[in-house]
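Note that chain A is present in both complexes that follow, paired respectively with chain B and with chain C.
Right, the complex of A and B next:
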């Protein structure tokens, strides 16, 4: 674990300006991501958990520069700062970073054959157009077999496949450019449990073979803990706790992480009853001055309402942003 | 146990051009008073078609078999007129859906949509129904309910909107609540609170509930009984605690084994995974529909389908128990 991290993200910030209405002030912003830092080592998985609106997906989209950050830095392998790259350099780098989305129905072009879909990343960028039709066929068939589909399916269309198979096609497409990093954004949330375990196992097999790194986003804690080496918990655009998967699942320090753990179905019956929690996350337009979790926190004190608790190391590799639990 | 609802030989078919899909195939069960019965299964198992059939909400080319019977308050509601059926829907038997944002009309306030139900079913005046709509929202613990009635659906979060739909469903004090995956689109914390709310309402209000889900794990500590469906058939049914601890059918066992558990990490090995997938509509395998995926299948399983047999307090459809 001492090797230099492959991916280092520092102080990522993204605020979306709201369109000014007739009577509202133009200066209002949605504070989606407010200073997120994380590191991922080669061949490892970093999990990101949190409720909807916590900024998980925005963080992922920022890393891939689908949207541009307000500030922050992102070093990726040999590239010191991906955010500083101009369009040509970024295009080159893009093949190394791929994305698997939540909805396999929405992320495949219904009018394209599978062959075209899975080789699309190869047909763009550096040295791409050199592949003959024959070579593309062979590549596509190889990719499909790799993800557990039949190589003879390359001429089929997305509608001929089930949800789980479509997610496999998305994985094949992501793998085609031989990336070193894949962002998996809720890749199993829309799948049945039986299919979910097949896809999770496939992601693990691929990682073992290729040494790929994943940023794995999901709201199902058990899934994230199972798949990830390291997990960050997000709340209102900030990381409130981060640590090795095993440490976090058994010795969580932040009250929000504990709340999430207690809401896990497998933990619920064991501890008999859920924690008293009736709150909702704060408005991202007007974030409270102190800890964003203040309004829901069972352990809050006056200090928490005044100042944002910093993310501090509590034991080796385990960080928590809470004044009360250090 | 007195029955709130008795379902006998319910079959629902969809007549397609080239074939007929048996979405619900000879399903019989009883829903007790104040009981929470969960119907669990993967997509395509027929669980949603089953509860939509109870409300007769099956559009053509779908058809409920004329031999099917659903007894509610002393009569077979599959046999009554459409007008009488409309009097039951939303009043005596109501339903909540998976996507609350898709179930409310975005152009009307949440309060006015609840008030409409009260006016239609209970004949309340405009003012009275508006006041009761506020109470209904307060009942599901929406803060500032009297103000929130004037909110449009887009102004409420997913959890709040699902609460509002529960308020809408409970507004007329139904005997039976049908819930189709009401927590699937929600965060785990929100989902837990919705389940608690539903359980509380069932216990307090003399109401029974059928809760459809694909997530067996969710049901622990929540459902009284579970019925597992596969390819339109009941595979196993029994008390929830018992089934989650000692599932009988290989399919139920496989479903539970495939769920990642707390305290299980990738270095402890791969997750258990069921091979293959749910049979496509209209191509149900011969014999036991699960046999192509079953790890305990024998050649006989491909030929004949076993009956649903009683095993202690549960029922199971598998040759292992015949």
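Right, the complex of A and C next:
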């Protein structure tokens, strides 16, 4: 590949200051994201996997600039650094990026008709044009049909739909602005298993038709492998392993990835090294000086406690951050 | 479709609450009466019947000398013009007729008309609630007073609502110093005793102004306490809703803040706001009554219920002409109906009740 990928995120950092209480020291911080880098090719899906609290949502919110990063850069297509944009340029760019939330019950305004919900990105934002009520109806109906709902549902309210249907509405809404990049933050983790695959297939179909790039966030490896071309594994705000889905599913190097693989249903005894573990991730307020996974790692050595292992390429396209598994 | 889905259960619950339904009916009658004041009132509010001052309410009879002749009133003749004593003249009969011709007025404030709900066949006046010191019909004055007393509550509450949404919404959004300042200001207003606060605001406003401006000033004064309360609760709602996912996605779509406030946040608290309005209107009505009672509110020639009560503020009047206190009964009925309706609405909208 000669040209740079469509999306390149470099060294993203976000520390949330803790509110200083009367008796607590100020300047304590939640180290939510500690230098995340990733790249996404046009029309491809990058999976981001990690357990609860590992900083996946924070990363996504940083990319869309819902919250501002402490440092890092984010190049998006022709834009060299999204984080350097002022409000007017950002507004222009935002149409190209959409966000699908984890909880389809919290992401739809319960008092708004579906028609208003799915056309909102069209009615506001950069380059929005005044659409007549008829045009809005037609657009909304078209979007709903696109995601497998009935066009006659436009005047209904969110409470009339099931979780899976709501997630389809969220997808329709995201599509209305014709984005080139969608962040899907655990879009299926709150849904029934039978519904999950329908939604995942819908996302795949849409990608095939339009060439949208996805950043697909999940804590379930099986879902990520199914959808993604490339997967990054996140732990305590850092990427500990990254590589093509196929490579990662068969030749994972980092002990944490192996732990996740071993925890996949039907995969319990597949890998020898990692026993089922009940360890806790480290405190994000006082991160250990060395590898964040040290306390849970079956292969730890003294070196791991002293220094943070860098993310290094072990074979073409496959990166791992572990001193022991090179 | 909307009513059939979201509001069906509250509606059914409300219908079961008898007191709520009755008070809603009373309110509907009062507000309809306000629209057709000229039709319901037999006389103009400032029409003086010179020889009829402090006349007691006419009793309505149906039988004359043992014979049924329909509703009628006997003539009351003044016997002592100094102490306003009256004697019933059993020979002069004035039959009550409906839809009689009378003085000109405009129906619904638009259509010129002369027909009144009732009057007498002889054209001699009938005073259902008696007359005041100048011989004006108290019933007619109550009907005309509704225009100010019943609208002042609503107008001031909507003023309060608009102000509350703006102040509370912006404070909740902006956070930081502006939020802190706004909320401390609001708390001071809430802590002050409401009526003294009204008096204070009234005292700093100009006195010799046109009735319309006076109405506006008083409405604005009455709006301040509810505006403070509204601003505080709306601000708290904004704080709890501004991180909702649908608000975040609206922000990402470039929806302006005020639009987010009006389309994503206010609709979630619509029923709470409606409830607050219903329960605040009686406070504003009483506030107007209180100010006017102390001659600080509505003044002649306008008519309001509080002002009507101020003329009963004399122990002689109260003892000798107790019907002068009838406007108080109307105020109590209205306030009671608003509270009863408000609480019925509250029960109906509460999913747990």
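Rule of thumb we're sticking to: the second predicted complex is superposed on the first by the 314 of 326 C-alpha atoms of A that agree within 3 Å, B and C clash if a C-alpha of one lies under 4 Å from a C-alpha of the other, contacts with A are read in each partner's own complex, and residues count from 1 in each chain.
Definition applied: contacts are C-beta pairs under 8 Å (C-beta built on N, C-alpha and C of every residue); 3 or more make two chains touch, one makes a residue touch a chain.
Just so it is clear, the structure is predicted and the values come from calculations on it, not from any experiment.
> Overlay done on chain A, so just call it for chain B and chain C: clash or fit.
In the superposition, chain B and chain C stay clear of each other.
> Based on the superposed arrangement, let me know which partner A:41 touches: chain B (first), chain C (second), both, or neither?
neither
> Which chain makes contact with more of the residues of chain A, chain B or else chain C?
The partner that reaches more residues of chain A in the superposed model: B.
> Please work out whether A:325 is in contact with chain B alone, chain C alone, both, or neither, and reply first, second, both or neither.
neither
> According to the stated criteria, A:109 is in contact with first (chain B), second (chain C), both, or neither; which is it?
Second partner only.
> Have a look at where A:28 lands relative to chain B and chain C in the superposition and call it first, second, both or neither.
neither
> Looking at A:137 after the superposition, I want to know if it touches chain B, chain C, both of them or none. Which is it: first, second, both, neither?
A:137: touches no partner chain.
> Counting only touches as set out at the top, which of chain B and chain C does A:145 meet: first, second, both, neither?
neither
> With both structures superposed on the shared chain, find the angle between the C-alpha centres of chain B and chain C as seen from the C-alpha centre of chain A, to the nearest 10 degrees.
Vertex chain A, arms to chain B and chain C: 80 degrees.
> Just checking: does A:52 make contact with chain B only, chain C only, both, or neither of them? Give me first, second, both or neither.
Touch partner of A:52: chain B, not chain C.
> Once both structures are aligned on chain A, how many angstrom separate the closest C-alpha atoms of chain B and chain C?
Taking the overlay as described at the top, chain B lies 10 Å from chain C at its nearest C-alpha.
> Quick check on my understanding: which residues of chain A belong to both its chain B contact set and its chain C contact set?
None.
> Which part of chain C faces chain A closely enough to touch in the complex?
Chain C residues touching chain A: 1-2, 5-6, 244-246, 248-256, 259, 263-264, 267-268, 270.
> Give the list of chain A residues in touch with chain B in this complex.
Its residues touching chain B are 51-52, 162-165, 192-198, 200-201, 204, 219-223, 225-227, 245-246, 249-250, 259-261, 263-269, 274, 277-278, 280.
> Flag every residue of chain B that touches chain A in the complex, lowest number first.
Going through chain B, the ones touching chain A are 42-43, 141, 157-160, 187-193, 196, 214-218, 220-221, 254-255, 258-266, 270-274, 277-278, 280.
> Give every residue of chain A touching chain C within the complex, in rising order.
Residues 64, 66, 91, 94, 97-99, 101, 103, 106-112, 116-117, 120-121, 124-126, 128, 155, 157, 159-160, 173, 177.
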